[in-house]
Amino acid sequence: MSSEALRKLLIEVHEGRLDVDAALDKLKSLPYEDLGFAKLDHHRALRKGFPEVVFCQGKTTAQVVEIIQRLEQSNHTVLATRAGQEVFTAVQTVCEDAVYVELARIIVVRRGEGPVPGGKVLVVTAGTADLAVAEEAAVSAEVMGNQVRRCYDVGVAGIHRLFDQLEMFKWAQVIIVVAGMDGALASVVGGLVEQPVIAVPTSVGYGASFQGLAALLSMLNSCAPGVGVVNIDNGFGAAALANAITRLAYH
Amino acid sequence: MSSEALRKLLIEVHEGRLDVDAALDKLKSLPYEDLGFAKLDHHRALRKGFPEVVFCQGKTTAQVVEIIQRLEQSNHTVLATRAGQEVFTAVQTVCEDAVYVELARIIVVRRGEGPVPGGKVLVVTAGTADLAVAEEAAVSAEVMGNQVRRCYDVGVAGIHRLFDQLEMFKWAQVIIVVAGMDGALASVVGGLVEQPVIAVPTSVGYGASFQGLAALLSMLNSCAPGVGVVNIDNGFGAAALANAITRLAYH
Amino acid sequence: MSSEALRKLLIEVHEGRLDVDAALDKLKSLPYEDLGFAKLDHHRALRKGFPEVVFCQGKTTAQVVEIIQRLEQSNHTVLATRAGQEVFTAVQTVCEDAVYVELARIIVVRRGEGPVPGGKVLVVTAGTADLAVAEEAAVSAEVMGNQVRRCYDVGVAGIHRLFDQLEMFKWAQVIIVVAGMDGALASVVGGLVEQPVIAVPTSVGYGASFQGLAALLSMLNSCAPGVGVVNIDNGFGAAALANAITRLAYH
Amino acid sequence: MSSEALRKLLIEVHEGRLDVDAALDKLKSLPYEDLGFAKLDHHRALRKGFPEVVFCQGKTTAQVVEIIQRLEQSNHTVLATRAGQEVFTAVQTVCEDAVYVELARIIVVRRGEGPVPGGKVLVVTAGTADLAVAEEAAVSAEVMGNQVRRCYDVGVAGIHRLFDQLEMFKWAQVIIVVAGMDGALASVVGGLVEQPVIAVPTSVGYGASFQGLAALLSMLNSCAPGVGVVNIDNGFGAAALANAITRLAYH
Amino acid sequence: MSSEALRKLLIEVHEGRLDVDAALDKLKSLPYEDLGFAKLDHHRALRKGFPEVVFCQGKTTAQVVEIIQRLEQSNHTVLATRAGQEVFTAVQTVCEDAVYVELARIIVVRRGEGPVPGGKVLVVTAGTADLAVAEEAAVSAEVMGNQVRRCYDVGVAGIHRLFDQLEMFKWAQVIIVVAGMDGALASVVGGLVEQPVIAVPTSVGYGASFQGLAALLSMLNSCAPGVGVVNIDNGFGAAALANAITRLAYH
Amino acid sequence: MSSEALRKLLIEVHEGRLDVDAALDKLKSLPYEDLGFAKLDHHRALRKGFPEVVFCQGKTTAQVVEIIQRLEQSNHTVLATRAGQEVFTAVQTVCEDAVYVELARIIVVRRGEGPVPGGKVLVVTAGTADLAVAEEAAVSAEVMGNQVRRCYDVGVAGIHRLFDQLEMFKWAQVIIVVAGMDGALASVVGGLVEQPVIAVPTSVGYGASFQGLAALLSMLNSCAPGVGVVNIDNGFGAAALANAITRLAYH
Amino acid sequence: MSSEALRKLLIEVHEGRLDVDAALDKLKSLPYEDLGFAKLDHHRALRKGFPEVVFCQGKTTAQVVEIIQRLEQSNHTVLATRAGQEVFTAVQTVCEDAVYVELARIIVVRRGEGPVPGGKVLVVTAGTADLAVAEEAAVSAEVMGNQVRRCYDVGVAGIHRLFDQLEMFKWAQVIIVVAGMDGALASVVGGLVEQPVIAVPTSVGYGASFQGLAALLSMLNSCAPGVGVVNIDNGFGAAALANAITRLAYH
Amino acid sequence: MSSEALRKLLIEVHEGRLDVDAALDKLKSLPYEDLGFAKLDHHRALRKGFPEVVFCQGKTTAQVVEIIQRLEQSNHTVLATRAGQEVFTAVQTVCEDAVYVELARIIVVRRGEGPVPGGKVLVVTAGTADLAVAEEAAVSAEVMGNQVRRCYDVGVAGIHRLFDQLEMFKWAQVIIVVAGMDGALASVVGGLVEQPVIAVPTSVGYGASFQGLAALLSMLNSCAPGVGVVNIDNGFGAAALANAITRLAYH
């Protein structure tokens, strides 16, 4: 969107010729910035209710840096996922206040106030090895404006650890269950609660886990109703879905 | 739960020795009725917020009839899915007011008032062959107490059909996308809306659809954030998740 | 053939009581009866500690009848699995006291006293649709000489049903867990008990259960130690393994 | 083909004893040069209408260098795909004017005039990470004598980016759609245009993308007619098919 | 599209206020007729250059009949694929001049002149069992306005049968190769010709053909360039792609 | 091959202008009879050393009858595999002396002397349910001119039954091992003998046998050298390979 | 469990207010120590009858070190599996008497007396490359309190090597069979013995072994009864199951 | 052990020249040398007709060196496959005359005369990248005592290169076809020749070749009879089978 177009629209709002809701509608469908190798969609945040997201995997460091720079200059909060340490180092050179959450492999560049944390999201893991994926979900959900609690290493092999945490389950509006291997935790949680459960299979395991396929199939076949599944290791996707749900609850 | 136990609990409430919330808590964790081949969980409805559900596939007709009879005698609304015509005929002999929705393969036995329809659920299909699964989702969501709208045959091969329906998309709190073959509709819808999207792959297709695997993988890999996936052909599961979400919005 | 037997044979040769060709014949492993299309191994029962077993699937009715007749004439108890009603009808014509357990699809022809029931085997199922496989396991284990208890429909979607049965779990020496769909029950049980757990995935389910693959992978990846898995729907195999284990305990 | 044979053939043409079409026919079926580890088919270019192609993956650098050298000495334009930087360095030592397109991993050695660019090929990608495959297609199509336009990062998650480019779609004779993850872009484009669409699934993604399987299956099941699919990451193959098509249009 | 809208548009053309190309553009993006269970896209034919297509598999006979009736009343030629004999019988009751091609399982209802046959399409099969799929392709291509030749049972196990037909290969603009089992014919043909090759794997075979997977993978990995693959058994899809290609050549 | 061409060739031989070996060479590469839906290769028998083979699966009964009639009229012995009883009934109407081997699902029409049985082929099965595939192999090998011995139901679960048959193993030139389920018999036999072993996986089994995949993979990974594998249930293919091998030995 | 709670419980036992069995029951269901990233279950050893186990794969070295330190301070024997050399080096800095079994990739920290070796476990491998997995099983079983014998490289390709070891088979109470490639050894051993057999497929092999899938499927389809299967390469899991079984025999 | 040998042994016992315990020892199958981690079978060569083979993959360098040393000291020719350069370097320190064929990754230590080359084996490849596997086959077949000819890079994409080599095909007794990607060469060769064809799929390719799965399936489904398949990349296995076949022909 050229700045002329934007200026014109805002003037119309200013002069009362366009009311706010109509302007909002226009802004939601406006175009994007074309970098050649990428088309930046500055208004997606508006449409989907969360910050600009850059999925770093498969992009060169130079591409990531350029994308983040443009977004940040447009005053958007940026959430860059699947970012290695070397990417963060490069981002820092153009964006000093970028923050890196190493375990989650996430870079955050905050701009503006940020939303008042409204939703209540609980992130649960079956084991310690699921932490990286869980943190990708947790940090993403926080940046999107949710309160997040964590309940880690409560897999079904020692199910009494899970039952100890039931109070925390009642607090949540949405529960994200992160589990590899047999993925059984999603079914057990799904059978215990009435809130929506988002199941994230992880590639944790070996042999017949087939890089997360076992957990994925187990979760898709959950005998408990009310469970939605995202891609293997897709912590960010779980957070995005959780955020879409919590926005319903507090808006 | 024996009726003695139930009576005792209610007397305590009546006499003010137990307040309502505490009673509710107790009722949620109380046991079930044991038929030998099945353990009926009369309080699951309370815990999960929807009617008693009987999944008929894999059960004999005699088992289904006995289960429905017991549930109905406990004054629960019953939703029996994957029920063939011959099962319905048998159910009718013990339960005259049972209703059969043939396309959805669902038997409904209504008891009590039913919830005030609160949630707004939109069910979308890519093609005409996806209707049976879509109706399983739609009827289930209605029985659980939601308003449901249908928008069928808007697959991406003729994408202008989809864009005509955008007003209906804005109405919904949750959108269920039902699609077989390439499953691409889930990604397109997911990219257009800000509400939670529940994707249901169907076994519609042939050859390399591998009974719904193609659609399932496509949906799990959706490049649009905010999409949760349920099992192939699992219309009921989509409805259960949608209901868990809409309950957040209107409660 | 024990080495005592071998030594005895060689001494007979040495002392001239057995000529060389006769010894040669004997030295071939212990014999069997050759029907052309099948080789009956009358001594397998001795070696493996359970009755003669006939796996009917893939055999013609005529073949099954002939095999059972020969075995029964040798005074062996016979256990015929995967037998349809029409096979049983044919078997009855040659073997009047044959008994048919319809749900388990098993024909039993008892000969001799049978073992004193020694082992304690518990068979658990996740759902009602798993009963056929569970009964194949239960009936087989009984014929092999074990006490069997059944605990059906205690899947993790309503996990309080499971916890009610913990006393029965303490009774057992071996626990057979029969579950389709997500197969999660095997992990939950495996985490609760110290006895050996035998997991039997079933083909119960649809869509991404892929005829039992989901449950199979889930069980193989169980995060609880002490779980051994058999083939999908292989109730008999679970009983055979359970019997091999209980024989250790009471012999 | 020995130069004697070639000379003889050309003299026959020169002297009118062999007309041009007959000579062309002969040239098309003439043999190849045998290097022992490879059989160079100098006339394939004639038969298939594009330059000599060397697929470097799986060949040693020494083998690639020898093959390119022989081809270049026969005055053929050479297109070497899947070539790493180290291969290019080695090729340069024998062939100074070789050019390396790093992103596409292609080495080009131009000989002769090259065809007049006739076809119009549009290469579209869903995301930035698909660029390497897209450039393999684009550069290959150019070397084969086509005009190529690029339209990158227009995936269905932000479908308005795609609709902005519809003019460019009208220009093309063939459209190559390069997409990983859900591969949904192929179906959307296939539903919008009337030209042939060549779909290239990429291995971009993670988890249940299974190295491009999800995109491959999605594309094979495209609900839009007129879509042909090539192997995962096979940018060159898409260009070869596009070229075979455009040759029909302008010849 | 309401007839009012259509009338208005045509009047504008008539009165010179809208030129023909602009009208054509408008007609291409106009809406469709909504039957509730299906949305008929009367203008798709215009956009994609072939008749209205009804994919019968997964639709009830009543749905197919209603769809064909509506399309035929709009004076479109209709091509209904995957139609059983019983569907044809029902269609005849509303549409007397419908024609059924049994081997191809196609119903054709011709309306209007039909295009002048312009393209030249050759359909080749490896074996006799591939005929049903080949005829789906051949009949579809004919209805779309192409000349079609057939060359059946020339699989690579007797490759001299193939070489006998090379003249017919030279005639074609596009070659459709239909093969099951090893799918090797696609590579052999792809290596012999310079025209575009469309490969259709079939589910012909048994065992490790895995319902066409072997042929599909073989074709996707074709070592010959210029081969595009469609779904297993997708004769219609091959015809649609062939038609999109031949339209380039003769328009 | 037209009869004119054949006559001409034979006259040349007769008159001494063509010697026998040259004529033989010509006959091997001569063409076939074209039925439209099939191209009969009357000389394949000469090239491959066995009778005309008709694979009935996927062909209509009418097609099979016509093919067999033509072949039989050319005085070829015909071997029709995968033939149901209804096909045989139809074949009998045109070919009275056709013979049906029901278990093997093979029709044989003998013409001429047939080869002197030269090769020695042993067919071994793991179980009784493998008999149909084994008989397809055995009968095919016999018709091709081999002596065949059978050794059935010697699977590794009772390995002493196998060791009893070692003399028969020494007799054979080639051993065909037919086994489903775990396919382990191929490895055991491969480790015991020095002759070539042809392994035929069968679809016998259930659950994780995945219609023969387990046996197929097991056989391909045989730790014994000298084992070649054919397709699942491909008894005929095993016979053809065995025959190619025994021809080396006795020619 | 806070030390206060533990002290209180022990005082009750001491003063006779709680008898030993009741105390044992309480200890089995008591909670765990929460490290944030892990929840240590100090009483699992009691429940499952073996030492504290740390699965190192997927955990950071720092996490492993902290977990081992806490466990060791609670005076538990610790068995850490899948531990690389660098993990061991780090563990040594906090726990001097830790022992590393390199081939098995196991760290052992012994505390207290350890159980009197009661069970008799035989570990068998098909080949030399299976040793790492076999040693994980053997060392684990020893630490759990079993006598272990090893019988390596007795695969079925040279089956006489196996028959030489039959005496050792009679000694064992449980037999663990470790095999990759065709996995056939499990079936052969299962057919020879009457004890429970635990089959461990390994990822040894290449090509169509698909990282152990071939051996896994072969073992699941074992035609010998009495075989339970664990995950690919899961030596520890086999030991845990073996230990659960031997505890039945000697307790 | 031949039955002559057995008879002789029994006569010695009968005549008192051999006492019972000594006979018992001998009756165990012919021995091998036990290294603990491996059991060397010095008589396998005798049984299978080829040199001692060491499969190096998965063994430590130290293990390989010790095994080769023992074998070589027993005066056996040794063939070590899948051997890296570093393994060869270590072997040289104990065995100076060891020879390394780098491309084939084979170490050969010759002892004794070696067999007179009798068999005639042709090794054919589709492409240059298949050379490593082809050379493993060729070198192995040579060491086993066969004449070997090579015909490389004759894949079906340029099928005239293949037809040029038909004379060489007539020379061979067995033909080994090595091909990756579509594996189509095996079917084409199988259709042209009457000798046994051994097909070796290779992992050459990318994307939907799935590490050789596409070629494997294609070869198993070959429409040409007389083709046996070995594991992906298993050049040695092909040579062993070829050798077993040629031994029939010249012995």
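To keep things simple, chains are lettered A, B, C, D, E, F, G and H as they appear, and every chain counts its residues starting from 1.
Convention: a residue touches a chain if its C-beta (ideal position, glycine included) is under 8 Å from a C-beta of that chain, and two chains touch if they have at least 3 such contacts.
Every value quoted in this text rests on a predicted model; they were computed, and no experiment measured them.
> When the contacting C-beta pairs are counted for A-G and for F-G, which pair yields the higher total?
Answer by contact count: F-G.
> Which of these, A-G, F-H or E-H, makes the same contacts as G-H in over half of the contact pairs?
Overlap exceeds half of the contact pairs only for A-G.
> So the centre of each chain is just the mean of its C-alpha atoms; given that, what is the distance between subunit D and subunit H in Å?
39
> Report, in whole Å, the distance between the mean C-alpha point of subunit A and the mean C-alpha point of subunit H.
54
> Centroid of subunit A to centroid of subunit B, CA atoms only: how many Å?
Computed from C-alpha means, the inter-chain centre distance equals 27 Å.
> How many angstrom lie between the centres of subunit C and subunit F, each centre taken as the mean Cα position?
Each chain reduced to its C-alpha mean, subunit C and subunit F end up 38 Å apart.
> Among the residues of subunit G, which ones contact at least 2 other chains?
127, 158, 192, 207-209, 213, 216, 220-221, 225, 231-232
> Show which residues of subunit D lie in contact with subunit E when the two form their complex.
47-50, 53, 173-174, 194-198, 216, 220-221, 225-232, 236-237, 240-241, 243-249
> What residues on subunit F touch subunit E, complex-wise?
29, 31-32, 36-39, 41, 44, 55, 57-59, 63, 201, 203, 211-213, 216, 231-234
> Spell out the residues on subunit B that touch subunit D in their complex, using ranges where they run on.
Touch list, subunit B to subunit D: 126-127, 155-159, 181-184, 186-188, 190-192, 205, 207-210, 213-215, 217-225.
> Could you list, by residue number, the parts of subunit H that touch subunit D in their complex?
Touch list, subunit H to subunit D: 127-129, 131, 152-154, 158, 160-161, 164, 204, 206-209.
> Which of the residues in subunit C come into contact with subunit H in the complex?
Within the complex, subunit C contacts subunit H at residues 3, 6-7, 10-11, 13-14, 16, 20, 23-24, 27.
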